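Consider the two complexes below, in which chain A is the common component and chain B and chain C are the respective partners.
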Partner chain A sequence: MFWRSIMYVPGNTPSMIQSSMIYGADAIVLDLEDSVEENEKDSARNLVSYALKMLDFSGTDVFVRTNSVDSKHFLKDLAAVADTCIYGIRVPKVQKAEEIIYIDQSITKIEKELGLPAGKIKFMVSIESALGVLNIKEICLASQRLIGIAFGAEDFTYDMSIKRTKEGKELAFARSVLALTARACGKIAIDCVFSDTKDSEGLKKDCETAKSFGMTGKSVIHPGQVEAVNELFSPSVQEVDQARRVIEQYEKLGCPGVFSFEGNMVDLPVLKKYQRIYELYGRDKGE
Partner chain B sequence: MKSASCGKAKKGDVLITVSSIDSEKVVINIRSKVKELYAHEIEKTVREIVSQAGKTNLEITVDDYGALDFALRARLITALQRLQEKGDDTDVLA
Partner chain C sequence: MNSTDVIKVNKVFNSFEELFKQIQINDGMTISFHHHLREGDNVMFQVLKSIQKIGVKGVTLACTSLMNTHDFIADMLGDGTVSKIQTSGLKGKLACMALSGEMPEPVIFRSHGSRARAVSDGELKVDIAFIAASAADIFGNANALDGPSAFGSLGYGVWEAKNAKKTVIVTDYLSQSILRDISISQSYTDAVMIVPSIGNTAGVKAGSLKEKGNPRDSVIASNVANTIINCGMELDQSAIQMGSGSVSLQVGRHLNGYMKERGKKFKFGLGGITQDLIDMLNDGTVDSLLDVQSFDPKACYSIKNNKNHHEIDVNTYANPLNKSSAVNFLDIAVLSATEIDTDWNVNVLTGSDGSIIGAIGGHQDVAAASKITIIAAPLFRNRIGVIRKKVNTVVTPGENVDILVTDFGIAVKESRQDIIKSLTDKGIKVLKIEDLYKKCISFTSEPRTISFTDKVAGIVQAPDGKVQDYIYKKV
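So, the complex of A and B:
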């Protein structure tokens, strides 16, 4: 489970849904929330449900962004997609651990009703408010089924009554806390979207910032952003090569607790970093 | 006469309008640039869904803009559900 790019796809646009799997995103999120007008929630829900049952998404992990738990749509959204090929759901605007427990219980209930294997449907949530940021630790610890935390910058800056800039200094604390807490709790940390789809240099800088905070991947709003995000959240060729050589040396020496490689000490934490890089390289090679 | 619709007049989509009529028939009108090639398949799918929903007394107009089967099915089901919400008392399969 390693998603560098997670691409949003509007849930009420057939042409975008049917081509969503061809752009190379590690995962896609079919959206029933913000991109769908209130009076079209029913049609988007049916469209996404039929798409998941009839289209071939193989090779791309699929999430569905439901409406928030305090909306009248959440349980209907969940019911419409539970018995499909989804990896999980993504629930927006989560602020408290109680909501996580409610989501977990709702999924557990529907898995039982549909006779699905317990734990089949995973979920991620988006933190998009000041209260959500303050409660991240409790949110992360509230469910084993919760696999990741994403950050929603547009709603966060609205909630904070601050202006969002391309440099993103106003988001630094929230992004850092989110990534740190998610990592500490064993969850993945997904960065916010970069809204200017024509600014490739800005996207690159934003990815580098997110990566430096410890984000594991990034939400994407346009297919044209996928390749750059995948590249920027992947190790370089040199890093992968070094990881391979370190691991080979480690195995050649009989897996010692600590050893020297090209003049640098490699102990367990350092080795783990190289192993993680090599794991990602293996994924890219389809191994 | 009650009616409901779903879908958009956009490429890859289909706009479906369903209306209740006074005849125990299902009347299907299809408009599509690819009507000669796909009208038969579209009508077959529409009749299958209407039959599963146990519906009659309907006129269904399909304005197709190159929709795939999943979109056709989803739009028709939604249109039927919307018609039901307007007072048709038959359950519609989702």
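So, the complex of A and C:
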């Protein structure tokens, strides 16, 4: 479970859904919320449900962004996609731990009704308000089923009555707290989208900022952003090479608890970090 | 007439009436045009309207290709001014007329190489070649590099001028000095016709040459570049043709970066020359460009100023009777398709609904000659699958195709185990074309067979002049 890029795909656009798996995104989110007009909610839900049953997503993890828990659509959205190939759902605009408990209970209930294995359906949530940011720790701890926290900058800046800039200084505290808390609670931390799809330099800087806060990946809104986000959230060639050499040294020394590598101490947590990097990126994938 | 008299003959005309008196255009003649100006061409309109005006009938129109801008010819087929068409491609109204059986004679479709052959072996005898040139001098020397309407290589026109019984240069810029860069020599020119404008050079980049593709094009381009890099071919000093359009442009950018990083250089880039190939020439990642058709008017500056950017004629490019055709030295070619079938036959002329929507261009010539031929295409367009059990029209036979690269995966022909091994060894998943077909119909379902009559609407020639396939009138 490691997603550098999580790409939104409008749930009401068949042509985008059917090719959504070819862009190299680690995960995709079929969206039933913001990209779908109120009067198209039913048809989009049907379309997404059908697509999830019919299409081969070629190993790409699929989430469905439901409407928020306080909307009349949430339970219908969940019911329509529960018995499909989804990895999980992504629930927007979460502010309190009570909502997490409600989501967990709703999923548990439908898993039972459909005879699905308990815990099959995971979920992520988006924090998009000041209250949500203040409650992140409680939110993270409210459910074992919750795997990650994403940040929604547009609604957050609206809630804060502040202007969103490309530099993103106004988001620094929220992003930092979100990443810090998610990491502390063992959840993944997914950064907000970068809206200017034509500004590749801006995207790069935004990814670097997010990564420096400790975000593990980023939501993207355009296929053209996937490659850059994957690259920027991947370790460098040098880091992968170092990981390979550390693991080789570890095995050569007979798998000790602690050992020295090029003058630095490597203990279990450090070793795990290198093992993870090598597992994810160390395979030969051609030039 | 002594030599002094010859020099005194005035080749320059300002009126078509006077021109036609001089060169004597008659009923039933075969006249030719080239398509370097593509959708921006205004020469064919001016010439044909003038011919129509003087009442000439039964003309055979031999064009290197026809575009949407040539829809006006439909009226001329109606009134008998034009009776036959020979071309590389058809679009718009003319395509509809051909398919609905409204053409007096079946259209003959030839690749660029096949046309060069037909012109040189006498199968296609051109009485008068009307050649759009952006500049001419009073002696009849011409090029497409000078003047306000400069468009680059005059590769098709050069070969027409050398083989037609008479050659008329049509230009909007008469140089007072003898041209420095001469693509068509005065030796071949019978007349120079001055018109207000030969066309709009912005039209050169119209249609299939659009640079902005969709995100799926980017995926295809990335897959193509990855395939080329890992197919086992040593790219340093290899020769490549990449075609035009969004996918090709992006492939060029990928390869330029790859070659630059590794200090490698293609021997030459061939065919339609895009701005990206010119960038590669300037960046030192390709040694030479052999330019039969410039897909960007910016090529003019490059041809004039870079000694390694060569304007070549279509005979040099792809005439199968020419032992030194440049295509024969190609290592890698990237080509497009409207359809490809599970026997690897490729269609670039008609769509899956049977309509004529494209042109052969150099497709057959390049595929037959290149060491590795890659077809780059989306798995489906809108709701229509690109991979079929059987293409509507076989333009390029499957024996000349090696790899299909789509946005959903890469298939390599079973017989190219060398490529399959190389790609697989590099961790690239290689599929069978049947796998991609199954994937395709999982989205689109099995296409219905289209019904045609037995009336021939078009004859698709192979490069050697034999019939490759027929296009039939639709029901």
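FYI, the second predicted complex is superposed on the first by the 281 of 287 C-alpha atoms of A that agree within 3 Å, B and C clash if a C-alpha of one lies under 4 Å from a C-alpha of the other, contacts with A are read in each partner's own complex, and residues count from 1 in each chain.
Everything that follows uses one rule, which is that contacts are C-beta pairs under 8 Å (C-beta built on N, C-alpha and C of every residue); 3 or more make two chains touch, one makes a residue touch a chain.
On a predicted model such as this, the values are computed, not experimentally measured, just so you know.
Using the contact criterion defined above for the overlaid structures, shared-chain residue A:Ala80 touches chain B, although it does not reach chain C. By the document's definition of touching, both partners, chain B and chain C, reach A:Gln18.
Touch criterion not met for A:Pro256: it reaches neither chain B nor chain C. By the touch criterion stated above, A:Pro223 is placed in contact with chain C alone, chain B being left untouched.
Between chain B and chain C, C touches the greater number of residues of chain A. When the shared chain is aligned, no partner comes close enough to touch A:Gly119: not chain B, not chain C.
When the two structures are aligned on the shared chain, A:Leu47 is found in touch with chain B, with no touch to chain C. Touching of chain A by both chain B and chain C, each in its own complex, is seen for residues 15, 18, 54-55.
Every residue of chain B that touches chain A in the complex is listed here, in rising order: 6-7, 10-13, 67-71, 73-75, 77-78, 81-82, 94. Within the complex, the chain A residues that touch chain B are 13-15, 18, 42-43, 46-47, 49-51, 53-55, 80.
Touching chain C in their complex are the following residues of chain A: 15, 18-19, 22-24, 54-56, 58, 222-224, 227, 283-287. Note for the complex: chain C touches chain A at residues 215-216, 218-219, 222, 226, 229-230, 258, 382, 407-408, 423, 426-428, 439, 442-443.
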